[in-house]
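Which chain is which? They are A, B, C and D, in the order written, and residues in each are numbered from 1.
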Amino acid sequence: MSAPHALLEARGIGKSFFGISALEDVDFTLQQGEIHALLGENGAGKSTLIKILTGVYRRDRGTIYLEGNEVSPDDVAAAQALGIGTVYQEVNLLENLTVAENLFLGRQPRRFGMIDRRTMRERSRTLLERYGLNIDVDALLSSYSVAFRQIIAIARAVDLSGKVLVLDEPTASLDANEVKGLFTVLRQLREDGVGIVIITHFLDQVYEIADRVTVLRNGRLVGSRAISELPRLDLISMMLGRELQHITRDHQAEPETIDDRGAPSIQFQNYGKKGSVAPFDLDIRPGEVVGIAGLLGSGRSETAFLLFGIDRADSGTATIDGQQVSIASPEAAIANRFGFCPEERKTDGIVGDLSVADNIVLALQAQRGWMRPISSAQKRELADSFIKSLDIRPADRERPIKFLSGGNQQKAILARWLVTEPRLLILDEPTRGIDIGAHAEILKMIERLCAEGMSLVVISSELEELTAVAHRVIVLSDRRHVAELSGRQLTTDGIIRAIAGTGETEAA
Amino acid sequence: MTWFTRRLRRLAPQLVALAIILGIISLIAPGFLTISVQNGRLYGSLIDILVRAAPVALLTVGMTLVIATRGIDLSIGAVIAICGAVAATLISDGYSLPVVIAVSLGVGIVCGLWNGILVAVLDIQPIIATLILMVAGRGIAQLITEGVILTFNDDTFAALGSGSLAGIPIPIYLWVGTALIIGLLMRRTALGFLIEATGINRRAASLAGVRARFLLFSAYAISGLCAAIAGMIVTADIRGADANNAGLWLELDAILAVVVGGTSLNGGRFSITASLIGALIIQSINTGILVSGFPPEFNLIIKAGIIIVVLTLQSPAIMTLFGFIKATRRSGKLNHGTKEATR
Amino acid sequence: MIHARNLPFVTTLAIFVIAYGLCILQFPNMLSTRVIGNLLTDNAFLGIAAVGMTFVILSGGIDLSVGSVIAFTSVFVAVLVGSFGVHPLTAFLAALVISTLFGCLMGAMIRYLMIPPFVVTLAGMFLARGAAYLVSTQSVPITHEFIDTMLGFYIRFPGGGRLTLLAMVMLIVFAVGIIVASRTRFGANVYAIGGNIQSAELMGVPVGATTIRIYALSGFLSGLAGIVYTLYTSSGYSLATVGVELDAIAAVVIGGTLLTGGVGLIAGTFIGILLQGLIQTYIVFDGTLSSWWTKIVIGILLFVFIVLQRTIIWYSDRRLAVRQLKEV
Amino acid sequence: AKSLTVGFSQIGSESGWRAAETTVTKQEAEKRGVTLKFADAQQKQENQIKAIRGFIAQGVDAILIAPVVATGWDAVLKEAKEEKIPVILLDREIESPKDLYLTAVTSDQVFEGKVAGEWLAKDVGSKDCKVVELQGTTGSSPAINRKKGFEEGIKAASNIKIVRSQTGDFTRTKGKEVMESFIKAEGGGKDICAVYAHNDDMAVGAIQAIKEAGLKPGTDIKIVSIDAVPDIFQAMAKGEANATVELTPNMAGPAFDALEAYLKDKKEPKKWIQTESKLYTQKDDPMKVYEAKKGLGY
């Protein structure tokens, strides 16, 4: 059923920022009733392309056709009017508004010219029910976690996209169940003839849902193929321009090694905070990777906040090398050589207007105190070495970090902590939004760091990732540590069972 | 060399604006640019600008830091009045000069710390936090002087305002010196960098271990300190503390100077030098209006007009256009190597 | 249950009621309808300007030109009516058109030249005051029977107080303001821009048009405040209302609106205005404060209100959070 | 009889003279056993109106107002009249129907300027004289009237010309700054023959500027100003200032006299009680005047 015209077609798109090219001569075609994955490494230009298609950026060159007619949306509102709904990579909703207001901003139902709050509320509820979300739509968005917000953003975009739906990394914060729910909705939309563009770094999901893929590399089009005729390895080499070496920890092979590492050096006993996380015990040995798994809102990030002193514990003790310590603030945590890569990169991580180099040395500088500045030569050296080892692109240390693509920002934040050579590094969703090449790099680096004696706490929604890197996984449910898995138990299934198991006991 | 060209590039818009304004004034008022030596002291309208700029320039230094933290300090005009009143009272009570200076500076710092507490600890928004001292501070100053202009006769203290050293008026030393010390403190230590980080994203900076509160405190304290020095200059200049009028609305001039200097009110990257050039621009406009001989009804409209033109030409929108042109030209140059760029 | 969003408003209201109660305990006369009527009439122009300011602040901006625009409008109207014999209504219309256009212009500079609102409106403040000087430096009285009729129109309360036309205009402006902010798409867009301008843009909010409209609205309301001020004093004076913008900002903030934008209520501003009026009335009733103690006391009370508000909100936020957790 | 309660709405405390007026008013009230309710308007008319309304609501026996501007008082004065509260204006007159207030105790600002002008005309005789003028705050009534009066005073003398006129906002700092630029603009000050300042504070500032430019105030450049605050007498004693026209801070004394007479036997006072505008020159033993004025809270 090929229509006379493609639904959305872009030809020869070109765009440069401050004289540096981000896209060059890119073609992109989306058919009606198709789910089209847009793939590429971090900084390949995916987000830029869709921002051009949806009127956020002005393109330098190229033409866009919607159903055969040339269009040129000047802003997002214009794109929305054309029937293009979008969720951008940095979930853009307004924390100061309620869920319902967010869902209907700019298209509120009206009666006699006034916004009809009641209808808005009801329609919001029905809208979210589709995603199995049963929340108070009159509560402020700020009271919901990233994952909830992502679903809300998707619901909004789906609802206002008559023809085209664009999702830039929609699944980054979602767990398996929610992804499943989302995909059901997407399939439904496909049936209805909507064209869907989806950007993701999860190849499993691509194979699960996409009909076609388009791959970008370094701002250029590599190719566009039907997914059915593209084996996984070919796809990866299309993206990376090379082959990928995969790593996985073989748990069966090394069940003893952890114990060899000796006594736990960092211990939290009966550590907790009322209203945040129930008291828990956690021992971490040098060189150990402790994973934390759980559903959304199970208190994983809150656990990290406690460990790093962002939230102050109101019960329990922390002990390092047998010495009791107080971790009442991030400074105290850093003084004990802890590091923390937060989940919300934009608000908690990057310092947007500062350069990549400044962002990389920030924690080190804070640790040294204001009286001992890092010399610019030293800064340059540190920044360059990490830009190289983490492959941060573009390799320009003076560029303000806000101009980097999401994945590259993530790497810079990681670098910020690695420069401080911490003994315990807490990573909250470290690979979110990171491309598969970098993903592998980061996992490899985690390995290496542990080998050098650093301990890690890794929070991740990707169970494969956890099983791949962690020696031990703690499972959270309802803000409580409910299980601990290691050795042979440590499999994706095991974790899922642990999460579900407690769910059943709760229900009973 | 590249450092120098980069600096020059950052300062170019302000320098050009200053030059144009001075040029225009000298067309209207001949003799404006002449500098002579009289009574062993440099003399001329340009010198006047440098001397008269002292209060605004000093305030600008502190204000730059406060704005870099994403704050604003409306209270400094009132702090000028308070510190002036304190200095005049102490001087007329016969305290020695070092004591007077030390106490006045101390009072300024305390005022700044008060603002710092409201902003950093109580988390009150800077405009409102400093509005409190702006309103109450003038009352406190009047309380000290009991509403009168408190005059004194102490030539050494008066020299802070109208004396000169090696032919150069002392206020110039004071503001240039203060700016230099604080500028070096910011850039030779990591204070400036950490303040910028805090101003851009306080939460992220805190999570990276930056002690945001301490930095906010220091920014507001320095602002209070600068206001104290300005207060002493203003008081010494007229040999009396005029609690009601000293520093009145000067905070607005200081804010304008910072913005004309190109520091964003949204916090972050700052340049004290650029702000100081901004202060000189503002003072040149003020002095220019005085020597031009227009009736006073026109003062405000001329000032507003010039400021709007300067701001428009420096606005991000116009500068991007500029920057864009520069960027393409530079990328052309890159092909030929970097020789030309350093010329 | 009190919605978290309305907490600052409820807090301010409670503080106002308690403060008024304390005043009455000390000066029973303060309960009279006269005082209440005065509170409304005397603050009418400030209230109207503060509604405009609330919209601006809700959008994350600020408008420092308010006081000067009021002064300009008053001189402009007074000169047109007093010296040129123009009918007051025509003069009002002309003044409103000018002040609205002035606001538009500032909005456009903010949006398209990307100069921060603080600076644009600061320049606007100088410009409007300078323009007022050009129109007339002297204070200009107006006498016109139409104006007398307008001023003669009031509703008398028992007890000698009166609800004047000026007070009614302010109440209407507040009512309309509340509806516009909470019930129109424009209002929703204002909150959206104040919450996060980039996100708002990515959600399809017409940021440019809205920004211009916000400042035009503030200009319009400043003009209206100027007209009310002209009626209030039956004259125009170019030195009038210096620093009124700061009073307006303080009222907005006391009313619980965040200067960072996106959070607040127009109704809160109303309470903020009343609270400020109450402080002044109290000081007049007390009648013993010297010039300087007046300033200090105003500062202290401002401080106390804000700290009280913050404490209450912080405390209830915590309780709310704990309660929510228990419910989960 | 029960003691009187009188409300006093003062403009603010912007100058030493104003502070002295407040002090003197409080002293006069105390002397007569009058309870004075004082309200400072911080330079704002709306605050004065609020204060007057507040006084009416409290039911005071009389109201004193030092009005910040001449216009805009009709409505609130009518309210006072309806409540039968007599109102007395201090220090400035207003443009309202005369029946709305009991009386006005003021100086004649135009006349003050005229006295200053006439003194200068007499003092320079037939010599050519270029005058620079330091105006008060643009738009304020003393600035307008004192300018007008001075121009009248020198009208007859065609040899006297105002060459520069700029506002010094009634403050010392601005007075000094403006004078500095006048000196630069007028050939290093040698061409200036006299300074006319709308108040003494600006004159004091101007004197300092002249001294710093290496000229002798009072001799090279004559100084004439208005208000007669203590500091100008010190300058006169040193020969650095030449003449000042007194504006007495005691407006309340005559006001209370008129009020008491009115309340006792309903005797309507004159509508305008004019205070004296006395000229002081260096011959008037400035140090003695200084000592006398020192304690008045200037």
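As a convention for this text, a residue touches a chain if its C-beta (ideal position, glycine included) is under 8 Å from a C-beta of that chain, and two chains touch if they have at least 3 such contacts.
Just so we're clear, the structure is a prediction, and the values are computed from it rather than from any experiment.
Most remote chain with respect to subunit D, judged by CA-atom centres, is A.
Averaged Cα coordinates give subunit A a centre that lies 44 Å from the centre of subunit B. Taking each chain's centre as the mean of its C-alpha atoms, subunit B lies 34 Å from subunit D. The distance from the centre of subunit B to the centre of subunit C, each centre being the mean of the chain's C-alpha atoms, comes to 31 Å. In subunit D, the residues that touch at least two other chains are 12-13, 19, 22, 138. Residues of subunit B in contact with at least two other chains: 142, 147, 297, 299.
Touching pairs of chains, sorted by label, consist of A-B, A-C, B-C, B-D, C-D.
The residues of subunit A lying in touch with subunit B in their complex are 18-19, 308, 310, 330-331, 333-334, 340, 342, 347-354, 358, 362-363, 365-374, 416.
Residue ranges of subunit D in contact with subunit C, taken from their complex: 7, 10, 12-13, 19, 22, 36-40, 42-47, 49-51, 53-59, 69-75, 95, 137-141, 144. Interface residues of subunit B facing subunit A in the complex, by the touch rule stated above, are 188-191, 193-194, 196-197, 200-201, 203-211, 268-269, 323-324, 327-328, 330-331.
On the side of subunit D, the complex with subunit B involves touching residues 12-16, 19, 22, 135, 138, 164-167, 169-174, 176-178, 180-182, 184-185, 188, 201, 204-205, 208, 212-214, 231, 297-298. On the subunit C side of its complex with subunit B, the touching residues are 62, 109, 112-116, 118-120, 122-124, 126-127, 129-131, 133-134, 137, 246, 249-250, 253, 258-260, 290-300, 302-303, 306-307, 310.
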